[in-house]
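Across the two complexes that follow, chain A remains constant while its partner is chain B and subsequently chain C.
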Partner chain A sequence: MTQVILFNVLNGLIVGAFYALMALGLSLILNLSGVINFAHGGFLALGAYLAYSLAPYLGFWGGLALAPFLTAALGLIIERVLIRRLYGRDPLYSLLLTFGLAFIFQDALRFLWGAQSVPYQIPGWLASPLSASLFFLTGYRVFMVVIVALAVTALFLILGYTRLGIRIRAGTLDLDTVSVLGVNVRVLRNLNFGLGIYLAGLAGVLAAGMLGLSPTIGDTLIMPSFVAIIVGGLGSLPGTLAGGLLIGIASGLTAVFLPAGTEAVIYVMMALVLMVRPHGLFGDAGRLR
Partner chain B sequence: MKNLEGRIGTIILWLLLLTAPYWMPLFGGYTGLGTRVLVLALAAMSVNFLLGFTGVLSFGHAAFFGLGAYGAGMTIKYIYASTMLGLAIGVLVGILGAMIIGAMIVRLRGVYFAMVTIAFGQVFYFVAFRWSSLTGGDDGLTGWKRVPLDLGVTQIDILHNDIAFYYLVLVCVAVCSAAMALLLRSPFGRTLLAIRENERRARFLGIPVDKHIWMSFVCSAAFCSVAGALYAYLDNFVDPRAFRWEQSGDFVIMAVLGGMRSFWGPLIGAAVFVVLQDKISSVTDYWMSILGLLFVLAVVFFPRGVLGVVKRKQGL
Partner chain C sequence: MGKLQASLHVRRRTLLKAGVAAGALQFASPFIIRARAADILKVGVDNPLTGVYTALGKNENFGVELAVEQINAKGGIVGRQVQTVVEDSTSDKTDIAVQKARKLIQSDKVDFLIGNVNSSHAIAIAQVAAELKTIHIVPGGHADAITGASCQWTTFRVCNTGAMQGNAMAGPLVNKLGKKIYIIAQDYAFGHALADGLTKAATKAGGTIVGTDFFPLATTDYSAVLIKARAANPDVLVDLAAGDDGINSIKQAVQFGLDKQLKIAGMQQELEVVEGLPVEARIGSWLFEWYWNQPNVPHVAEFVAAIRKKTGKVPTARTWFGFASMWSYALAANNAKSIEAVKVAHALEGLKLPPEVALMPSEPYFRAEDHQLVPSVFIGHEQAKGTVDPEDLFVVDQVVAGKDFMPPASETGCKLVYPT
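Now for the complex of A and B:
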């Protein structure tokens, strides 16, 4: 029994790390620009398929390195051409815009790569279990957690110590003042959007190795990411990270005792958090209004 | 003048709706399509009650749409075969869900309110999806049919007569929209408008803003669950997709497409949406991207919606 619980907690942690990666990207964009990016799942799937198409030429590692950047480049363009127009308006409009984009993404992926799901090759040494007693712990799962940890560390280093990161954090608190101080807010929001999409693309490549590829791969992952943001707290990136890990572990544990409830439990958790702290565990109460 | 024009417009609209089963075939439509427009229009109007007249965006109304649909279908299947009883129970279930969810989210605003409503909708999706012994799971709730109405003196066969069912739906839409209009004209409705225009000022005037938003949320969800129950009757079928966030998004798009500051705007939006979906999906497999493109263009270029553009042209 202990081993089953341990297995599910670890598994939940891996899934949670994954939710966190996606939720951090969403959260970055939401905090600075007030845009809920419904198309995030579409970007994730695009990252996965780009890696799939690049793999024959560049191998697994080339795909992993390059695909997220290409995805981010598309993100920069879409922000520049479409999303930027709606910043001054009611958040309703940007929400509907990304909602429409999500539809377009799904069809475009289906058109370009087909509706059937395809397997994604990972290096053989990553696919095998690490040890006989811990058979569930394939190298790939550990590898995923390592990559997520590296990406999250890099993100927090960027936000903490680079000029861009400091400006993003300042803009999250008070964009008008940042603008008055001479920072080009348009460029800042553009780069921030690209950074968020980069994380989505990276999440996509990692997901492809575990789940295989299908045009709707992002759909099942975007809702838990929303929940991670809400549980972790509005406006707090460490909160988002913690939220993702928490809901991952919660659904892992539920899988032991009530397998049918693995999806529902995260929403129950969200309801509990909202009742006690409407602004989330680590959130900023001032952001509610 | 404006009032008179509005009244004439409403009369023309109702004349068109009352005669729709007879003129629609001339333009390549069919009665089921008209019924679908009405049902989704009611859902979009309910979303707009909250969005256009209270200033709160719910992106999770599919939850109440689905609760109404499953409530009605399961009543007929498991409890008692009566169309009206199913409708009543569906609406009650929807209201109950809205009261609970509303209480949890009423302190949130703006984009966060939207995000939490999206997430809550998913709970019901997973319950409907997983609890297959009761709900039929992914295959949907089947094995039941809407029942002819028994009025004592006479029976109305809404099961086999599509046109009779159309008129039943029209009566429901009429009752609900009358109720919405009355609510909006009452002191309660005026208070909602005040909150939409300036929440802080409303608060300073001593209005319990959170309570009003909660009440508006519950009213709106009640109308949406009526639409859900009718939607279940339309095909004698419900599946978990009725709960999905895409469904909620469709309602919001209909409201915005038609013009969210106008009372009948969502109906026009729903008509445009349903007819386009019907036509495009019969031509190409990739209808979703065409609709998506339409949303993107509408949002970027016509944020006021069809009726909004018409009104601005007239200088109203």
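Now for the complex of A and C:
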């Protein structure tokens, strides 16, 4: 039993890392633009389908490298054409818009690639366990954690040390002042949205290697990401990362005792955090400054 | 000059007359169409077209569509041409499925209702159909209750129950694969129906269930459940998940290498799922409720060709469910020479499907006591790549006839009550 619990803690960390990747993209957009992007799951699915279609020509690696960029490019266009018009209005407007976009994405994917799941092939050497006893530690899962770690490190480096990143962080704190100082806020928000969508596209390609690729692939992954943001604390990227890992472990441990409760437990956790620390675990202290 | 004008005048008059005549014809034609409308028999199709069951719902609807074309070509139902009214029930919102069923019966005035892939939707639609005295056939909702404790005099079902599949699969499972069985299933009516069916039948056949886990619908990560299952050290891992959940769980079990440590099997498997799996995950022993590659069974090749022409793909069990549902109603109503619900229901009871509808070796019939179709099932194993056809991903090892796995009607808990 101890072994099963330990396995599940380790496995929970792997799953949590994946939730965190999606949640970070959502969090970036929410922090700077105040947009709760319900279409994030749609972008995630699009990234996965693009990689699936590119794979016959560019292979798995080509798809993995290119698909998130193409998804981000569409994100830039959608922000420019649709979402930008709603900044400064009640957040309900952008929420409704992205909610509608999520449906449009799902139906468009169904129209283009069909309703039935399609098989997304990963390289054979990734699709097997690394050791017989730690059988849940497959090459692909380790690879996923490595990619997530690289992406998160790159994101934090961008935010910490590049001009764009510093402006995004400054804008998150006080967008008016940043604007008065001469920064083009429109471009800043556009690029920030693109960055968030890049992470969604990347998460989509990674998810497709582990799950069946169907137009609804984003739906089931999006809710744990929202919970990760709330548990970690709105406005805090390290909090979002911690939130993702925590719900992954909680879900894994629940599976040992009550598998039917693996979904419910993340919402119970969210309720508990909201009762004890309404601003989330790292709501203020964890904010990148 | 004047002559010319006169002739022009006449010509214009003629033209005007012709115009009026044409207009009158236009005006009259709606009456003709209206007269035809009374001769049209409407069929309501309330199946998922969005959400996780979209692929399954659409395939059932393709089967209905083909059946309607064939029925109309043969003169329709009691001399009336058939027209379908299709609604999206959604995959997971039972209230919407019910609302659509009411709309189809009360507003569109359909005479017959087909639906639903989702068992919970099917049970709820059956209640509406009984209340509004409309014949209803469930093509592909598998929960036992539909033709068991929740059975209705108006509702019939084409696909199997959990108990039927459990009985059919238990023998091959225990005798060929191993006695220690671990079950993973989805935590809703369908998953519980299959798990209960298998537990009873496998125990009877001498097997032991070493563990059963139910996971929430649309779970994405199965590692925790699989770690637990592996720790119980079973001979066979029986995966009862359907749709995308089936794909996700099998894909992950194979990535964990579980297929090399123990046997993987299931009960109901569907071509839609197998096609969504990467080649290395097309493994294990399963039960198909209908399979398209039956070289020696009459009429199957024509059916496959017709569906291929329509959809570009081979028919799946779902396509056959829809096809058989529509044809069953047509045959019963034509036998009864009426579309009056009570008469059609009695005509459906005991109705034997002719070979061009049955499309399987045995002669399926609707059992009168619970309105459940008694078909054959196909037990076999998956193959990574098709030999005769790229979509031939299943090898049938044995066909089991309904009489060998049907639980007695007295055990289903169904008590049909007809209106007085």
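Basically, the second predicted complex is superposed on the first by the 284 of 289 C-alpha atoms of A that agree within 3 Å, B and C clash if a C-alpha of one lies under 4 Å from a C-alpha of the other, contacts with A are read in each partner's own complex, and residues count from 1 in each chain.
Quick note on the criterion: a contact is a pair of C-beta atoms (placed from the backbone, for glycine too) under 8 Å apart; a residue touches a chain by one contact, two chains touch by 3 or more.
Nothing here was measured: the structure is a model prediction, and the numbers come from that model.
A.B. asks: According to the stated criteria, A:110 is in contact with first (chain B), second (chain C), both, or neither; which is it?
C.D. replies: Touch partners of A:110: chain B and chain C.
A.B. asks: With both complexes overlaid on chain A, does A:138 touch chain B (first), chain C (second), both or neither?
C.D. replies: Once the two structures are laid over each other on A, A:138 reaches chain C alone.
A.B. asks: What is the contact status of A:146 with respect to chain B (first) and chain C (second): first, second, both, or neither?
C.D. replies: Touch partners of A:146: none, neither chain B nor chain C.
A.B. asks: Could you tell me if A:260 is touching chain B, chain C, both of them or neither one (first, second, both, neither)?
C.D. replies: Both partners, chain B and chain C.
A.B. asks: Tell me which partner A:89 touches in the superposition: chain B (first), chain C (second), both or neither.
C.D. replies: After superposition on chain A, A:89 lies in contact with chain B alone.
A.B. asks: For A:124, is the partner it touches chain B (first), chain C (second), both, or none of the two (neither)?
C.D. replies: The second partner, chain C, only.
A.B. asks: Chain A residues touched by both chain B and chain C?
C.D. replies: Overlap of chain B and chain C footprints on chain A: residues 106-107, 110, 260, 263-264.
A.B. asks: Touching residues of chain A toward chain B in the complex: what are they?
C.D. replies: 30, 34-36, 38, 82, 85-86, 89, 91-93, 95-97, 99-104, 106-108, 110-111, 223, 226-227, 229-230, 234, 260-261, 263-264, 267-268, 270-271, 274-275, 278, 287-289
A.B. asks: Could you please specify the touching residues of chain B with respect to chain A in the complex?
C.D. replies: Those residues of chain B that touch chain A are 51, 57, 59, 104-105, 107-112, 114-116, 118-120, 122-123, 126-127, 130-131, 245, 249, 252-253, 256, 286, 288-289, 291-296, 299-300, 303.
A.B. asks: Mind pulling up the chain C residues that touch chain A in the complex?
C.D. replies: Answer in residue numbers: 50-52, 54-55, 58, 187, 213-216, 218-221, 223-228, 230-231, 244, 247-248, 251-252, 254-258, 261, 272-273, 275-280.
A.B. asks: Which residues of chain A touch chain C in the complex?
C.D. replies: It comes out as residues 3-4, 7-8, 11-12, 14-15, 106-107, 110, 114-122, 124, 127-129, 132, 135-136, 138, 140-141, 207, 210-217, 219-221, 251-252, 254-256, 259-260, 262-264.
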